Every structure is written in C-alpha cells, then in structure tokens.
Amino acid sequence: MKIKIFSVGGTIDKVYFDSLSAYQVGSPTIREILDGLPIAFEYEIESLLRKDSLEMDDTDRQLVRSAVEKEPSRLILITHGTDTMVETGKTLSGIPGKCIVLTGAMEPANFKSSDAVFNIGVAVGALNSLPDGVYLAMNGRVFNPLRCRKNRERHMFEEL
Amino acid sequence: MKIKIFSVGGTIDKVYFDSLSAYQVGSPTIREILDGLPIAFEYEIESLLRKDSLEMDDTDRQLVRSAVEKEPSRLILITHGTDTMVETGKTLSGIPGKCIVLTGAMEPANFKSSDAVFNIGVAVGALNSLPDGVYLAMNGRVFNPLRCRKNRERHMFEEL
Amino acid sequence: MKIKIFSVGGTIDKVYFDSLSAYQVGSPTIREILDGLPIAFEYEIESLLRKDSLEMDDTDRQLVRSAVEKEPSRLILITHGTDTMVETGKTLSGIPGKCIVLTGAMEPANFKSSDAVFNIGVAVGALNSLPDGVYLAMNGRVFNPLRCRKNRERHMFEEL
Amino acid sequence: MKIKIFSVGGTIDKVYFDSLSAYQVGSPTIREILDGLPIAFEYEIESLLRKDSLEMDDTDRQLVRSAVEKEPSRLILITHGTDTMVETGKTLSGIPGKCIVLTGAMEPANFKSSDAVFNIGVAVGALNSLPDGVYLAMNGRVFNPLRCRKNRERHMFEEL
C-alpha cells in the first residue's frame, strides 16, 4: 500500500516565529508525524502550496487537481486548511481511479493539544477502507464534500 | 454517529509506577485522548479487562464477545494488547450487524512517541467507512484478523 | 519553602483560538505546569495582568512592584513577556527581603517545543539558591537585569 | 558558562522496548532535551554508566568521583537514578573547585508527564547560582545530600 501525500498549507502547518511576528505556514508537518510512527505503508510527501486556505483561489485549486490527476498512486491524502477544505474537495470530484481524502487540523500540529495526529489517523483509516471518491476527514468523521460544511461557531465540521 | 468503546488492557494502557515496580495496566487511556480532541461523534467507554494481552485466555475472549453481542451500537472500537489482538479478532467473527475495529499501541499512550493517538484515529476512520465485520487497525493499516499476524521481530503487523 | 507566583502575561501564556483570530494572552500556564509535577514546595499563583510585554507601561510595572511589596513571602516568581522583562526587572530593584526571579518563554507553553517548563525549572532552581535581589532566568542562565538584554536577532538573552 | 554533564543512568533514561521486555536504561535523554531548547550556555555530555541506581556499587561511585575530579569545568551536572542519588552525592563531597548538582526523574523523560525537563531546569538554575559544593535538585528543591533522603512512600525527596 502506498499513499501519495500533498500538502497545501493551513493551520496544521502553521508556525509561530516570534512574539512580534504573525503566524506563517511552514513546511509539511505530516512528514515529522509519519516519520515518528511505526507505519506499514509507503508514503511520499509533496508540498504544493503553503497557504492559509482562506487565501487559496481557483488557480490554486486547479493546481491541486492537476497534481492529483498526474499522480499514479490511487491513494491520495491532502493536508489542507479547514476554512476552504470543502471547496477544494468539490474541485477534486470526478477524477477517476482515485481515493482522495482531505484532512487538516483545528490547531497547529506543533501544539500539545493539536488534533493533527488523530485527524491524519482518521484519514489513513479512510484511505484503507473506502472506494474511489473524494472525502473529508475531520472531527473523527468522514464526510462527503458535497454534503458537509465547517460550522465556524462550533469549530466543527457537520453534515448538511 | 455513536461508537461504543471497550477497553481490555494492553500496552496502550500501561503505566509505570516506580523504578522498583513493574508495569501495570491502568485505566483506559482512550478516554483522556478522545476527551481532549474536537470530535463530532458520540462515544461511550467501558473497561472490560485490564490485562496484558498475553495473559488473556478463552474465558476473557468470550467475555469480550458477549459484551459486543449485548451492545446495541453498530460501531464497536476495542482497545487491546497487540500480542493476541489477532486471536480476539477471530473470536469476534460472525456477530451480525456490527462493525468492530480492534486497535492498540506498540508504546503506552503516555509515552511522547506513542502510536496510540494515530492508531485510534485509523480505527475511527475505518469505523466511518467499513461494512459490518471485524478488523484490526495497526501500523496505519486496516487488516482482516483471519489474514494477518504480528511480526514480533519487525514490531509490525503484516498480511499473511 | 513557599513561592508566590505572579503572572503578568507574555508569550508563555499565549493561546491561539482560531485560524481567523490573532493570538491572545490566556490564563497563567504555570498553574497547569506545576500542578502536573511532583513538587515539594508550596506555591500560590496570582494573575496580575494578561499582556504582551510590549504593551506594558509604567503603570503596569508599578502595579507589579506594588504587588511584590505587599506580598509576605520572600520567594517571588514572575512569569512575564520577554520583550520588556529587563525593564520590569529594573523596576523591581531595591525591594528589601525578597528574592525575585522573572521568567517567561520564547514559545507559548502549549507548544510541543516550548521552553516554558525548562525556564520555570531554572527560575525555581535560582529561587532555591540565591540571596535577596532581582534576577532573570532565561535561556538556561540567571541574569542581573541591570546587566543583560534580549538580543532579538539571536532570540536569546545575553550579558551586557 | 559551560556545564559538563555526566549521565549514569536511572529512571530518567529508561526506555521500554516491547510488551515482552523489561525496562532498560538507554542513552542520555538530557542530550535530546537540551538540544531542543534555546540555551545560552555550552555543554558537553558524557555517558559514564547506564544503570538503575539500585544496581550501582562503590566501584561505580568511585568511577563517577574520578570522572568529576579529572574534569576541568567547574560546573558539573549529573543525571542519576533517584534511589541512590543521595549516596552518590555523599561520595562526591569534598572535591575542591566544583559546583556539582545531581538530578534525575521520577518518570522516564520519554513519558508525557515526566518531571525530567523541569528537574534539569532546576539543576541548571542551581548551577548558575550556588557556590562550590554538592547538591541534589529534585522535586523543585535544592538539597544538601548530607541532609536529605528519598521518601519512597511519598515519591518525594525531603530534608532530614
């Protein structure tokens, strides 16, 4: 089993350089997470973008779609900001022969209380189990991007 | 979505009391893990046993099977020691109307480098995705208990 | 042995609420840190301010001095932002019968890589050991506030 | 400022290889701890022994004393098991021109709840502050090895 991982940025990769600085999106934290775990599958990580997902536009989403289409692996994991994860999920629909799972985190991976490791686990569990299609793995749930949204007040994804 | 969680012990729950003492199996660590995460499903945790899985016998496995059979929830997550997780998985086969996922950890959940949070994530991702049956979620893979084993030298589960 | 702890804010207490929000200074993180450790001294924590130290002014520093002067305990630990820790240290000089140690962190205590726990340890080690006076405990060193500064480029305190 | 660090083993360095194995004393964990912190002093780490301190005998203690005597640095930090830390402290008394602080941990450094980082901080704070002599830094206190003991029931060091 092999998973191709694309990172596009988002809270999961945010780092905080200094008390005078703002947050910045750093390198893909999923690498350090997976490298530290006893894992029985192959993976390859490629950083496509380093953006807060609110700053992603249609060109960015087409870039992601294009990268997925060119990728030979069937299993695709995308780490992404949560605010527009649903939009990117919709953009990725209809690519044949791919099981694509998007995930991210409500708190940066380098926070002690981050949900990043758990969410990546849920995404990997979904990739092991699901037929071709596009899915979002957030808050311990696996969603269809056409039938979910981020509820910003509750800081939770929910079904529509 | 609701997940019923049974804990039976194993490395994931091991605690180390003192330099003079041996390891002991403590209370279910999955509770603290899930309580600290932003989760959009209900769960209920019940501690059935606190055993190293090498100490589990047929009576213990029947107790687990009986608890699962009586449980009304369709989704069942079992935290279990890794050494005999396959045996318990086999014992649970054939229960109708249940999706059962066993998981555990190679290192106790209270170790900084533990795989516990990730493995629980994989198990939850599988429970979101799979049809009725019994599965093992270990090392980022979802296995059929009839076709896998723990490779003790490699500290990894693998397909037969 | 009893230590009175005053928190005034700073990076050590910063929390990050959401990807759309900025950082905010939260409640004193030293409480959770000390409550989780096997400690053989008494301590009492009082939150005086919740400010980034760049926002502290003379009135704030007098408030801190006044609180220290009124406090009966000899041993005083102050958690403080790093950018003006030296200034507050100078403001506290000359209070008789007090051993005062200021500390803080370059990264928020809820970051995995935070220096908060270590720095609090250094401060406590200094409070166990030093005569009356005012000291800064940062970067594994104990400084005299009259003869040190924060080198912002190197992210380190250094002797003048 | 330079600190020479000797590690002799103890709980702080214990690692747990497998559910079938016992604990073993691994390589000095203080290296990883200090390498990850923004520290403004030099340090050099030398592993003398890898023993549970209950297994240390007079020959081992003489080896430690001899290493300290030969070491040119004035500041000496020793990471040590807690059960016989007091005995080693007594063995080191009377070495001229040295400030020696012993520390360790009640829980291995690779436990999430370990006191290792805090204790090393207290030891470093004491080394910054104290005159020549031998000290124990445990439980947030700095003790004279001639006037303290480990209270095994309370899991705490205390003054005699």
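Order as written gives the chain letters A, B, C and D; numbering starts at 1 within each chain.
As a working rule, a residue touches a chain if its C-beta (ideal position, glycine included) is under 8 Å from a C-beta of that chain, and two chains touch if they have at least 3 such contacts.
Owing to the predicted nature of the structure, the values given are computational and were not obtained by experimental measurement.
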- Among the remaining chains, which ones contact both chain B and chain D? none
- Task: Using mean Cα positions as chain centres, tell me which chain lies farthest from chain C.
- Result: B
- Message: Looking at A-C, A-B or C-D, which one is a repeat of the B-D interface (more than half the contact pairs shared)?
- Response: A-C
- Between chain C and chain D, centroid-to-centroid distance (C-alpha), Å: 26
- Could you state the distance in Å from the CA-based centre of chain A to that of chain C? 38
- Message: Just the number, please: Cα centre separation of chain B and chain C in whole Å.
- Response: 43
- Where in chain C do residues touch two or more other chains at once? 113, 155
- What kind of graph do the touching chains make: line, ring, star, complete, other? ring
- Item | Contacting residues of chain A [partner chain C, same complex] | 10-11, 14, 16, 18-20, 22-23, 52-54, 81-83, 106-108, 110-113, 152, 155
- Message: Under the definition above, what is the set of chain D residues touching chain C in their complex?
- Response: 1, 33, 36-41, 106, 113, 115, 117-130, 137-142, 155-158
